[in-house]
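Below are two complexes that have chain A in common, paired first with chain B and then with chain C.
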Partner chain A sequence: MSETIVKVVVCSGTACYVMGGSELLLLDDHIPAKWKGRLELEGSPCLGYCKDKTSGKAPFAMVDGELIPQATIPEILRKIGEKLGDR
Partner chain B sequence: MNGDIFIEVGHYCCKKYGQGAEGDVFLSRKTDDGRIISVLSDGLGSGIKAGVLATLTATMAAKFVAEDMPPRKAARIIMKTLPVCKERGISYATFTLVDIDSQSQVKIIEYDNPAYLLFRQAAEPVLLEPLKRDLVVRRPAGSRRDHGGTATALLSQAVMHYSEFQATAGDRLVFFSDGVAQSGMGSRAYPLGWGIPRIQAHVMNLIQETPDISARKLAQAIVKEAESHDAYHAKDDITCAVIYFRKPRRLLLMTGPSIDPERDSEMAQIFRDFTGAKVLCGGTTASIISRELGRPIKVNLKNIDPSIPPASTMEGADLVTEGIITLGKVAELLEFPATADRYRVNPATQLTELLLNSDCIEFVVGTKINEAHQDPTMPVELEIRRNIIKRIAGLLEEKYLKEIQIRFI
Partner chain C sequence: MHYNNNAALVKRELLISLIKLMLEDRLEEGIDKIPYEMTRDPDYQPIRCCVHHDREILKSRLLARLGFSVEQYVDDGTPLSVYAREALARERISAPILTVLDDACNACVKTQFMVTNACQGCLARPCMMNCPKKAVTIVDGHAVIDNAKCINCGICQQVCPYHAIIKIPVPCEEACPVGAISKDANGKERIDYEKCIFCGNCMRECPFGAMMDKSQIIDVLAAKKRGKKLAALFAPAVAGQFKASLGKLVSALEKAGFDAVYEVARGADITAEKEAHEFAEQMEQGEPFMTTSCCPAYVETVRKHLPELKKRVSDTKTPMHYTAEIAANEKPDHLRVFIGPCLAKRKEGIDDPLVDYVLSVEEIGALFVAMGIDVAEMEEKNLDQEALAGGRSFAWSGGVSTAVQAYLPKHIPFKPETIDGLTKESFRVLKSWSEGKNTGNLLEVMACMGGCVAGPSTITNPKVATMQLRKIAEASKGVEATAEASASSKTPASTPAPTVPVGVA
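== the complex of A and B ==
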């Protein structure tokens, strides 16, 4: 198993927060034990994508630099799995 | 604010156990010429009747002093006006009247309340006792008829004490109703009540433990201690007022980006150069300041309160919060402070606490409308920033007597 560390950024700005981002901040509780230590979870005061209509809709999250619009916990977990090569 | 001294007036009261109303009244007002007039009055007895006596006394005293009436004359009018108690045949309410002018010159008239305490902040706090002069007023002779119908003249003169001093930064004036001094009376621990010497020592302790304790916290701590002597079944109304002369505590609250992105650096400069507590509200605002000053921001993902977006930390900022949701909650907490939400720990309660602990609050408000909030799928509670700030500023100014400045950028 490779030791790649995946960085996950969740937006906690107003728009993301009211559109469901509040749930995403609890992502840490949903990370399977096998991935512990391979993820770096971070919040952002505002990623800024909410002001740009072309990026999709809030809430936003970023997994290893890849933007996920209308993010949900299963969606972020799926993306993390993809990045870790562990689906 | 008088000169470079801010005068914080705080009080706390607890009514006699079982009574529906306070018999002690404290009121404080600011006159147009910059004076602060505070009165603590304790009406005869307790409950509504005492409350009426005390309110009359306090209101009249404050009014007369505000209009520069000589204290002797004011006292005479008050005593003539108060209704006579049916049982005791006298009209009576004690008072402590404090008049502070714009240069922090303090004049105090006391009538039958326990003597005030004045603490001066030196290397160690010291207790001062200004000289007091007696003011004697002839009372309209009250009389009481006994069962046989014979009238007995009652107290015919009243002695008030007058003193004055120049307050300096760090001074604390503590005054209270006899409910504080007599708390615990009859108990094993304090057969004769708490008593002035012990109160002095207690307050001295509190000040030494927390040298910057606010007036409202100190008043509350004294009343709570007194209440505990009566096993929380207060035997009299217990009221304490504290006037704290201190260097003003400043706070900067910056929220919202400017409509003109070229002013971002100006905002960052205001933020950097401000002396006092600094708060950023809003993700975009925080990102701008972080970018301009090159200071990273980190969102605190630990101990999240699900009702309010999490706070972040940034070097040089005392608090970094989300914008509209948090500010909306702050406005609510300021308007209705007696809700259980006040005791949760989240960015909104932290911000409320910071605001209440400051004297001069400067708002720097960006006027840019957040287009992300204009989406019709967004909840309607997302108010316009300017309105919510106006609401908060209004509450702080009128309800909490803070000095407010709002700058739109």
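== the complex of A and C ==
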């Protein structure tokens, strides 16, 4: 398994917060030990996707540049697993 | 139930849609289409039997969002626009502040224990052996519970080595700490408002979102349209609800249409000081203990269920009241709109002549979204007068007693204890204190576990919100120095304003 670093960005803009985005800031508590050191987690000011109807619904997160609308912690974890080649 | 769940999100989406229409002056024209727009997606998966039932429920949700009670609502074909017109024209909001949506209520079966097919029909048969009512028998090698005999004690569930027995609860009834919810003849839940303390637990816990608070956002926006000036009084907990500084929150509230913004933490500073004086007086008179009075769900609990505790509840008014007093003096022509995480505050707002409206964090968040306001992108603005760390700490469990302590003279013994969440269990603790079995001398009572940061009308995860709020409080002017000053001075408990210096940003 390669030692890729996956970057996770969670939007904490107001629209995402109102639709439950604050939960995503607890992502760190859900990262399995085997992934430690291979992830970069970051909370971000409004990413702007809420203004574009074609992007889907808030809350938004990005995993290695890939957008996740209506993001949940399990959904983000699934995507990280995919990126790390560890499903 | 988790704070952010689909039921909560649907309610917020409705609010955003309503507010958008209101801001575009198209409420009457557009409101009837909302249930269709929300279910228009070709991949829409019905929640209940079909999309038509879902739309019918969305209609009654919209009625609650317009501020109507819906217990007696029968859809007779009257369009929502007719109700919208009525909401826009009304001058006063009506009690009760909660309502039950019959269409949404699942009429959950009465709480029961059920044996699943994980039952192995074992030799030990602890379920059968330990049942105090002999309600468990073995039929074809499996345990069966006779519901006519079962008293829901739960022993069979606890003793089954295979975890084969499950409890199917009625979540709203289970969440209610005072037994105010029960079924009517049709199995639908009813709230007994003579018993209800407006803690909001049922609203938070119902998996079908059948309990809703009656919104006041339409009333506030309509008043603004009529040319009224608005003062926002935001509760200490609100500062933890958005990922932004206090100064940006103030700008956001101004941009959303408020002509003046007051921090209710300032009123909390006054409450803390007065409560400290009152407490010192009570202790010097040899009284056994005093309880805080800032949580309206707790005060309602005492009034309706523990009248014997009434003489122990502090007579000091709430932070909302003192802040409304300041606003009324400074801006007498402004309508005073409290913004908070709390459901019971809506009740307190109706009872307090100084408060005109009470909005929830959900409503204010939806207003921001509808107006495209991102709090973090706002300009940093200084509050005219800043609250102290003590007042800003009122929103988490333990914060009130710490703030009170800071104003206490050193010679007064201080043994604070906290009721962190009103539940059936903590209710018993309250009862035992009222019977003289108190284990401390100041009891801080928070109806919500964790404090106001975990209120039923919040949008942010309580853990995240508490971290944010602590950061803000820690950067505020402390009360340590003033506590000593307060201890040596002989300020009477009835001083109209806090005698503490006010911090500058």
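Simple rule for what comes next: the second predicted complex is superposed on the first by the 87 of 87 C-alpha atoms of A that agree within 3 Å, B and C clash if a C-alpha of one lies under 4 Å from a C-alpha of the other, contacts with A are read in each partner's own complex, and residues count from 1 in each chain.
Here is the rule we use: a residue touches a chain if its C-beta (ideal position, glycine included) is under 8 Å from a C-beta of that chain, and two chains touch if they have at least 3 such contacts.
None of the values given here were measured: they were computed from a predicted structure.
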First (chain B), second (chain C), both or neither touched by A:12: both
Partner chain(s) touched by A:46 [first = chain B, second = chain C, both, neither]: both
Partner chain in contact with A:31 - chain B first, chain C second, else both or neither: neither
Partner, of chain C and chain B, that touches more residues belonging to chain A: B
Partner chain(s) touched by A:20 [first = chain B, second = chain C, both, neither]: second
Touched partner set for A:67, first chain B, second chain C, both or neither: neither
Doubly contacted chain A residues - partners chain C and chain B: 12-15, 17-19, 22, 25-26, 43, 45-46, 50-51
Chain A to chain B touching residues, read off their complex: 11-15, 17-19, 22, 25-26, 28, 41-46, 48, 50-51, 58
Residue ranges of chain C in contact with chain A within the complex: 2-4, 8-9, 12-13, 16, 241-243, 252, 362, 365-366, 368-369, 372-377, 459-461, 463-465
Chain C partner contacts - residues on chain A that touch it in the complex: 12-15, 17-20, 22-23, 25-26, 43, 45-46, 50-51
Touching residues on chain B, where the partner in the complex is chain A: 282-284, 286-287, 290, 297-301, 304, 306, 309-310, 312, 320, 322-325, 370-373, 375, 377-379, 382
